[in-house]
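Read from first to last, the chains carry the letters A, B and C; within each, the first residue is number 1.
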Amino acid sequence: MTSVPDLVTPTWEYAPAPESRAIATLRASYGLFIDGAFADPVDGGVRKTVNPATEEVLAEVADAGPKDVDRAVQAARRAFIEVWGPMPGRERAKYLYRVARLIQERAREFAVLETLDNGKPIRESRDVDVPLAAAHFFHHAGWADKLAHAGYGPDPRPLGVAAQVIPWNFPLLMAAWKLAPALATGNTVVLKPAETTPLSALLLAEVLQQAGLPPGVVNIVTGDGATGAALVAHPDVDKVAFTGSTEVGKAIQRQLAGTRTRLTLELGGKAANVVFDDAPLDQAVEGIVNGIFFNQGHVCCAGSRLLVQESLHDELLDRLKERLGTLRLGDPLDKNTDIGAINSAEQLQRITELAASGEAEGAQRWSPDCALPERGFWFAPTVFTGVAQSHRIAQEEIFGPVLSVLTFRTPQEAVEKANNTPYGLSAGVWTDKGSLILWMAQRLRAGVVWANTFNRFDPTSPFGGYKESGFGREGGRQGLGAYLDVEVDA
Amino acid sequence: MSERLEVRRTAKLFVGGAFPRSESGRSYEVAAADGTFLANAALASRKDVRDAVTAARKAQPGWAATTAYNRGQILYRVAELLEGRAAQFIDEVASAEGVDLDEAARLVEESVDRWVWYAGWSDKIAMVAGSSNPVAGPYFNFSVPEPTGVVAVLAPQASSLLGLVSVLAPAIVSGNTVVVVASEARPLPAVSLGEVLATSDVPGGVVNILTGHTAELAPVLASHMDVNAIDLCGAPAADVAELERLAAENVKRVVRPGRNGEPDWLAEPTPRRMLALTETKTVWHPQGL
Amino acid sequence: MTAVVPTADDFASVTALADAGASDATLRRFLHGLPGVDAVGVEARAATLATRSIKKDAKAQAIDLAIAMTDLTTLEGMDTPGKVRAMCAKARRPAADAPPVAAVCVYGDLVAEAVGALRGSDVKVAAVATAFPSGRASLAVKLADTREAVAAGAHEIDMVIDRGAFLTGRYGQVFEEIQAVKEACGPAHLKVILETGELATYDNVRRASWLALAAGADFIKTSTGKVAPAATLPVAVVMLEAVRDVARLTGQRRGVKVAGGVRTTKDAIRYLVVVNEVAGPQWLHPDRFRIGASSLLNDLLMQREKLRTGRYAGPDYFTVD
């Protein structure tokens, strides 16, 4: 056997490849979008929104106060009664198609803005967030005039005014997930974007104006938790849709107790990514990496618990660590960046604290060599091995790039461990055996099961959780029910 | 010739396929609509609730794992048994609700037909609520409805059989198991239904029936962390808000009571109640070589 | 059957089959016990790697690396000594300050011509052999083909595997043929062409890669270039995973050659990204990675010129050899 001699290996550094930020026009300040126009808050304030990769201030945005929220709800109510409610589905559809097209036309602008405000890599905003957002509007546009055939009876009616509160992890996409079905089914909306990521929603407001959407059909009230609470509590809201933490979700469910306001919740998760020893190994490694490091782990359905069959553990970890060594962390605007910034100082603090608990409780911590930039909020991809079910890092949602690795011996044990959590949003299964995939899928108590893949989303694919991960689904025919008057007993 | 003394029934709880008394030893008087004493029914306690939930949870995986066809056959047989016992039920409904025998017969017939209607849904829910979703990529993607798990049901207070059947059957047909709190004042048809279920092929623990004070039992169920959903149909109006608040602790799925009291149980049912107690699971798999 | 990854012992026992005589059953157990490849997953990985944006210095470096890794190829029925001589002149000096290519690749009967034309340079002569491209001839004929090319001065032999035998599970035959050709190579290094387009699945590509490496291949090569599809990024991913994994087991770093369908600089750079991120930077060297191509070279030179001058180049300024 001829041995190839050890060579002087070149290092090949990929030069910086930044996407230009010029395309995203940033205003110095933004007002609230109410009744078709931007206006200063009446009884709210202003706050600064920051680029988490650099800590630079991007813009000032308004904080809606209770009077502003009231004004928004009133605008939505009037638009529902006078304009959107009576409008035939066929016409509503055409507005939504316009919005989908406009997002596609201005895709690059949206992608850059999203990356600046959120910290996620431009490759992800460009290739995932923005295209999916457009697709959600496009898919739901087509439902607007077909509701009679959607399995909700011959004439399902909208609920009226929907209050929607969305998180910071996929700001534009979450806005699309909320607005598209609500509008398609004939509701009007007051949307509250997350405190740290208002900008893409405000650009979307401009798109809605460009689409000619009648004033008041969509209102966007930026602000913090207090704004969200005021909105959810408003007496003239018919429906609340919330995506965010389980803790806040429960508070909202308590708040709406005894009212007739409908509610759907999409909350946290602690998904198990189950890898059997006959998995397609290299793709499983990709699936694990994608599962927990995509979007810096800021994903409710992240595969944050790796459940690996014990016989495969050492080999899989070796390959995983080698693969993590090729991840590129840095400037989110660089097209070659794989891992961007953590969204805020608060979130970074939480991740740091939970990771510290992992070490304190006896798990072994590992990260690839990673130079973290000086300014901004950054956390290196981290893997904990030797994790037990009882460890905090196995139970609590970290919402960051931290993977906890546990083992199992049999499929039954894998199911038991995977389901042993109050959450139930998603799960992953990796095996070459088809019957095992279906057996596992049947038993995993999770709203989404990814088999030999992970983190796939589509407007036709219903998404939502079991147990404390929430109730209700978004996407697909099943997702329409959240916005239609299909209460069990009228 | 003296009149024959009837053998009175002891109205016990139905938990785990058996008929225990309340562990509290308590009972309460059940009277007919006209005030006549009918029976002492077991007065369930919070510990009875605990045991019932345990029995329901134990039975749930097995019930959910039976084929839809099997569940449908089992439920249809229950209808056969109900039909056979119609006379008894007519008597009980008439005295509980204060309606004449003709009206009671109508309600009982409707109850049997209602049960048959739900039995026929077992192998159709997935077709109506499920889908194969045309995702934009090389993946096979399907959604299936699954039972949510253990469901607490507060049966309607007024409609002692038809209303009861209309909240119970839709819960179990998809594979949920239930803990039912019977109508407080009109529990006897529910007790008889328990007896029917015990002689049917419905496995023990799938349906558990508690009699007692709704206001006492409902909060225990609403706050129970191992109950996945709660149907508040028979909840006292003043308690609904608090029950929903308690339910939020483990994000239970809540079926709210009708705005205008009990619905018209004689109206055509819809699949909504069944579907409200299911979860949608969506599965992705690559399609490739 | 469970496919926990092979250990060094497993691999050693397979390579030691030389003495025992490789049996189809033993090889099958080993090869079918390798982890499967999910097609959608590997294609997604390749697609993500293809989004890497390589600019400026990194691009310049990549272009020069790609030139240095090129096996400049002519494999036509109408090849003549004149054609080979012209191509060799280009091979030694593609452009004023560009590096020479790694090798030229010709049919066996033109090796002597190439050797003469390349005398004094470091450019190697690779010959296709073993009844290229179909491989449909007796073993005796294939070995004679190989020996003659080596005798004429070929430094490298590019053989084809018997795809018919592989697809019918006659792994032992494929194994033994590679071993025999390796022996006939003498000092020449052996590239084994898998013809991945005919193998049809990534699982087969993985198995054929391991089979060839176990039997002694110095390089595994995607294609003859005569069948479509030829080289693709996902196939390269699978083959680079194989050499990476063999290196982990044995410490030996074998090579990969992609051939057919690599036409533009953009394509070539994508392959280099895949090499870099799947196998590792140790494979960014002509002794471990080659690109078999003909028209690619001029595109590399054009892109090189554009980086140097800032202007888009035109084909008139680059010689057709």
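Basically, a residue touches a chain if its C-beta (ideal position, glycine included) is under 8 Å from a C-beta of that chain, and two chains touch if they have at least 3 such contacts.
Only a predicted model underlies this, so the values are computations on that prediction, with no experimental measurement involved.
The most distant chain from chain C is B, comparing centres defined as mean Cα coordinates.
Distances from each chain's CA mean to the overall CA mean are smallest for chain A. Centres computed as Cα averages put chain B at a distance of 69 Å from chain C. Separating the CA-averaged centres of chain A and chain C is a span of 43 Å. Centroids built from CA atoms put chain B at 37 Å from chain A. Shown for chain B are the residues in touch with two or more other chains, namely 137, 139, 286. In chain A, 452-453 are the positions where the chain touches two or more neighbouring chains simultaneously. Shared contact sites, meaning residues of chain C that touch two or more other chains, fall at 38, 40-41. By the touch rule above, chain C contacts chain A in their complex via residues 1-5, 35-38, 40-42, 44-45, 51-59, 61-62, 65, 189, 216, 218, 237, 241, 252-255, 272, 276-277, 281-282, 284-285, 287-288. For chain A in complex with chain B, the residues that touch the partner chain are 135, 151, 153, 246, 249-251, 253-254, 256-260, 265, 267, 422, 437, 441, 446-453, 456, 458, 460-464, 466-471, 473, 476-478, 486-490.
On chain A, the positions that touch chain C within their shared complex are 1-5, 7, 9-15, 17, 123, 127, 277-283, 286-287, 311-312, 315, 326, 335-336, 432, 452-453. Every residue of chain B that touches chain A in the complex is listed here, in rising order: 128-129, 131, 133-137, 139, 141, 143, 148, 228, 231, 233, 240-245, 247-251, 253, 255-259, 263, 270, 272-273, 276, 279-286. Across the interface of their complex, chain C is touched by residues 137-139, 286-289 of chain B.
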